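Lettered A, B, C, D, E and F in written order, each chain numbered from 1.
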Amino acid sequence: MSEVAGRMSVQAAAHHLQSSSGGAGLLLGGVPGTPAAKVTIIGGGVAGTESAKMALGLRAIVRVLDTNAARLSYLSDVFAGRLDLVIPNRARTAAYVAESDVVIGAVLVAGAKAPKLVTRDMIKRMRPGSVVVDIAIDQGGCFETSRPTTHSEPTYIEEGVVHYCVANIPGAVARTSTLALTSATLPYLVRVATHGVAGAAARDPVLAKGLTTLGGKLVSRPVAEAHGLPYQDPATLLPAGPTPRPRS
Amino acid sequence: MSEVAGRMSVQAAAHHLQSSSGGAGLLLGGVPGTPAAKVTIIGGGVAGTESAKMALGLRAIVRVLDTNAARLSYLSDVFAGRLDLVIPNRARTAAYVAESDVVIGAVLVAGAKAPKLVTRDMIKRMRPGSVVVDIAIDQGGCFETSRPTTHSEPTYIEEGVVHYCVANIPGAVARTSTLALTSATLPYLVRVATHGVAGAAARDPVLAKGLTTLGGKLVSRPVAEAHGLPYQDPATLLPAGPTPRPRS
Amino acid sequence: MSEVAGRMSVQAAAHHLQSSSGGAGLLLGGVPGTPAAKVTIIGGGVAGTESAKMALGLRAIVRVLDTNAARLSYLSDVFAGRLDLVIPNRARTAAYVAESDVVIGAVLVAGAKAPKLVTRDMIKRMRPGSVVVDIAIDQGGCFETSRPTTHSEPTYIEEGVVHYCVANIPGAVARTSTLALTSATLPYLVRVATHGVAGAAARDPVLAKGLTTLGGKLVSRPVAEAHGLPYQDPATLLPAGPTPRPRS
Amino acid sequence: MSEVAGRMSVQAAAHHLQSSSGGAGLLLGGVPGTPAAKVTIIGGGVAGTESAKMALGLRAIVRVLDTNAARLSYLSDVFAGRLDLVIPNRARTAAYVAESDVVIGAVLVAGAKAPKLVTRDMIKRMRPGSVVVDIAIDQGGCFETSRPTTHSEPTYIEEGVVHYCVANIPGAVARTSTLALTSATLPYLVRVATHGVAGAAARDPVLAKGLTTLGGKLVSRPVAEAHGLPYQDPATLLPAGPTPRPRS
Amino acid sequence: MSEVAGRMSVQAAAHHLQSSSGGAGLLLGGVPGTPAAKVTIIGGGVAGTESAKMALGLRAIVRVLDTNAARLSYLSDVFAGRLDLVIPNRARTAAYVAESDVVIGAVLVAGAKAPKLVTRDMIKRMRPGSVVVDIAIDQGGCFETSRPTTHSEPTYIEEGVVHYCVANIPGAVARTSTLALTSATLPYLVRVATHGVAGAAARDPVLAKGLTTLGGKLVSRPVAEAHGLPYQDPATLLPAGPTPRPRS
Amino acid sequence: MSEVAGRMSVQAAAHHLQSSSGGAGLLLGGVPGTPAAKVTIIGGGVAGTESAKMALGLRAIVRVLDTNAARLSYLSDVFAGRLDLVIPNRARTAAYVAESDVVIGAVLVAGAKAPKLVTRDMIKRMRPGSVVVDIAIDQGGCFETSRPTTHSEPTYIEEGVVHYCVANIPGAVARTSTLALTSATLPYLVRVATHGVAGAAARDPVLAKGLTTLGGKLVSRPVAEAHGLPYQDPATLLPAGPTPRPRS
């Protein structure tokens, strides 16, 4: 669903930047002869990358902030020079937020609370009618000014800036999201149906990672740690399966 | 303003295709793993071309219908194979409309009523929740089912299909539109202020074309014809100006 | 050789789609003004990716079916929105095959029989003169209607559809294939010649994977399992080599 | 039809470069690790441009020779640095032909005999199994060694080089060609049917150019000159039509 | 030569931006993780367009200022959203110059003195070590602070900003410039050698425009006006040539 | 710093190819109408890839030599057919060097002496005024004719070919290099400051790899081997840290 949220975030930003929706009245890409809007995306993971594709697609000027040098190198390769890619520090983040028309928070840390990378002070310095979208809102949000909203009332204004913080962004495009979810999970279901839980997990390390209990044992380390219960490595419980086949 | 309308049309279509806005719940480009939506653009002039850029930018599958072979050839050159470019006839138009998730009517004929290229019957065969945008609505519209709407209530549903027929689309992005308009007209104003009306028109054939009267004579042929008044060629009234300078 | 086969498959499809070769008389990309042909590629591995590059290069409308979400995400990144990427199920595959002018079967599973993903019924619904290419034919083929052919008689017609099922596709471009093969194997040969078999395998885990016996021991697990012979982990037999050097 | 011929020419070259077709056994784009083939296209008009698109699409290294600086500048803009664009002289043409795996002659001069830009001597210096395609063959051909062939026997070998000189290239893709032709001519037919010949010609200067006689007068200057008959300017015979409307 | 100057200007800017050359020590495109430099190009004609290609090629963030809306529209088409295209006014120009690391003056007006679009005050607000390149220097320059330099001492510093104002930029790449010049002029020479001056001018309106005298008459209007001599339209002196042939 | 060196190498080559700098007087990309220069890059790792981006950006014809098939496949994907990618052998390298205007040596082997892949004999066959850049010079260089130079005198001529062998290339763009270095190291510093050395190394395997001693034990295998001292696996000394969190 990160991919849906990433793509939707730009569509939402473009819509709420319209004067007819209470925004600054800007077209993301401008038109030839007027300057394009500036979009800053915080986080270059799956969600941020899909945001970047859409923002470039609408012809904005796009900058992605991420601290992972290997990821930036990959993004430089595949976006062929169209993205400005920056390792941020607090001062740079403040400066970029201040000059942006749209800021998208895409800092997702699996299973953890998102860090508050953008402070109220930074938001305050944005031009009135600018738009921020907090994709990380279901993990607490990465803007200090974020609070969850819903599709029926998706935005509020704080410090003059339109905040779009819908907690369930994929719900806006229900049909695409359902297709994406069922398509992504179907292959796992088929494997479980064919080989049973243990057999499927033995064949597929990704599935194995998703196990919580197996044969009555607790095999999820975070859960074990959180509850002070004994943990068992699932590898010791799985049958020795056939080597997974490479694809070519 | 054709460029603003063309770009906005896709943004409007994407928004109203959301389930949260009453549409079919599709993301224009889908996500990797789900099929992209299909966009048909009727008319490959300035507005249609800008529509196509945005629809491709959001990663839809895009087809442009136009009867002008030279224009299609140019679009083939600059879009590098990303657009399907088709000379339409009535049967083809019907088939393309039926399989599209979004249809954008961009058939602008300067100063004339837009032809009704898409009939109610064609609209009826679209999937429910699909979206049509009629950019030509201020010239009567190019869909049989179009009627003008406003930014406060931009859409209505007819035959199960969402119609976005705002007569003044550029108003949605007032700041960009104002900039675009003043930027485009400023050079003409400067020339008129510098050389006077006749001097400026002598230097710039585009300005000359815009004259209605000059020195008390009627110099617009269509106005003269419409009112049965004597027409005079403006060239006979303009001073012999300096040759316009080429740029390089 | 997967890359050669992938690229050749599109060239073969384009040729046999010609009316002069018994096909439907279509140009893959059409020309500006006529619709482009539709190509469906089943499998987005190395072979399918190279097919996709060529089919897009000839300006067809291209869809790739694959169940591997991570692979689809990578293809979305590098093809920049030009490919429609879909996780298939049986119903979707049937629908896509029916509307395609060309279907390329590129489902290679190393060392295994290819699954029959496209049934005779699906083929039957294609338009007459369409072309299917089965790259997986040397592993049994992934179309129900496939049977191996040769370069001297590369195609046959079944259910009205031209089948190109040459078992040794790279043979069609012997010079390129020979270069590709010798270029790819030369670095391994040099390492074996320099360090001996065990020394080279110790330095290069890819080479180590290719060993069947070493010092009289059976070190290939699949062979050991197939014949019920004792297996020995090759790592226990290799000298402790220098750490492989990273490249930058 | 120039567009069909241009696109087909590369497809034909790729096919006949196969060892299975008697060529040098090369894949146009090679595969990663082997060098790509070199394609020289003589003439950067409509046909040559479409050839270039297809040759680049198959990932060859492509050079276009043309003497028209404005055209080269446009091609540089739209191909974004992927084409090597050279104004030829006799020595350069010879050098480029000698190092090419494929040469495509696309020098079409409307209504005139094509100039013989590539001599037998140049052809002789190409590597055996290379392929030349003469799109201009129906105007006499632009290679000294060209002679017309047919789809049933499309090639012959001269100086060790495969010659594809089919006089009616578009016939190979009959369905695409028919669609292209009817699509391109339909708008003219509609105008003639609506306004009559003279009325349509008055409205459309392109149609007017195609007239040979009108109201019993000879209005084609070349025909008049060729036969020593009196010529009349068609403009003097056409009704004063409405100004053609610009499109936007 | 505008094309050579345009391309060279970016290469010169990149070189003089190096700390080893006295500049700010920036790489035009930065590297993934550091912000790219900003390049503003004043003038989107041939020279400015070639500058833009090179600056984008080195992965800078590039903005082009031009007042010609049709030209901006074309640049938007062919650069596919990678250029920010703005119609300037004095205030905007000042703001863009101030935030740029490189400014390239490419405002060439054929045969006229270049307008001073960038004032000393604007230059003063650039960061120290920034670089400006004045391609228009041989027409007086378009920066208030420009004065001609030579290849042996190509730059000077004024207001802390490195000025590269070589009057004969193409001389830096003598071989490319010579080839470009002879390639561009050769076709005209051939035509004059074949048909004589009058015959060649009759066949080619571009050549005709270049005539100053013909058969003892003065046929250049600007020269006639400048010297108060009688002017004669060259068309009245040229033989009625064959219609120029269109190319396809 | 490999990325800075890779990008700078092309900028240096372009500058020294100028006649004003003693080179052959070529523009890397030529201009439309003149042939582009040929650039051969030896090594397709990080440095070579960044070189390739810049050389393509300046519109040269670029070939990359590398023996790593997987890397070539990735480069083929992301450069979309714009690079010629070849697995070299000695004969091919010689041929490519001879026909190149620029050769960039980017064969970096971490911690080892660079192999001399380009011999004096190969250099001798290049055209006079061609340019070679040896990025690997700080590891001994990969050209037989290389010797280290400095920014104050960056080049020398050997066998008629300009050699740019500055040992500290990133020093030329000090500001970009400093930013790149601090941006890349800051995240590690923050982790060490937060968790201590051992805690940070436990959380980050990349950091752990950089340790030489820990708690008085020698934990770098190469150092231990070089000095004949006892080595201890750092994993045995690190605290059992929290599982590193995946990003999305």
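One rule holds for everything that comes next: a residue touches a chain if its C-beta (ideal position, glycine included) is under 8 Å from a C-beta of that chain, and two chains touch if they have at least 3 such contacts.
A quick note: this is a predicted structure, and the numbers were derived from the prediction, not measured.
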- prompt: Which neighbours do chain A and chain B have in common?
  reply: C, E
Query: Is it true that over half of the residue numbers where chain B touches chain C are used by both copies, so same, or is it different?
result: same
Task: Averaged over CA atoms, how far is the centre of chain D from the centre of chain F? Could you give it in whole Å?
output: 45
Query: Distance from the CA centroid of chain C to that of chain E, rounded to the nearest Å?
result: 50
Message: Report the inter-centroid distance (CA atoms only) between chain B and chain E in whole Å.
response: 33
- request: List, in ascending order, every residue of chain B touching at least 2 other chains.
  value: 3, 29-30, 32-34, 46, 53, 56-57, 59, 69, 73, 78, 81, 86-87, 183-184
Message: I'd like to see which chains touch which, written out pair by pair.
response: A-B, A-C, A-E, A-F, B-C, B-D, B-E, C-D, C-F, D-E, D-F, E-F
Message: Looking at the complex, which residues from chain F come into contact with chain C?
response: 2, 45-47, 67-69, 71, 73, 77-78, 80-81, 86-87, 89, 108-112, 221-222
Field: Interfacial residue positions of chain B with respect to chain E in the complex
entry: 3, 46, 49, 53, 57, 78, 183-184, 186-187, 243, 245-248
- line: Listed in rising order, the residues of chain C that touch chain D in the complex are 3-4, 7-8, 11, 14-15, 17-20, 24-34, 50, 53-54, 56-59, 151-152, 154, 171-177, 179-180, 183-184
Message: Which residues of chain A touch chain E once you look at their complex with the stated criterion?
response: 29-30, 32-36, 56, 59, 61, 63, 69, 72-73, 75-76, 81-82, 84-87
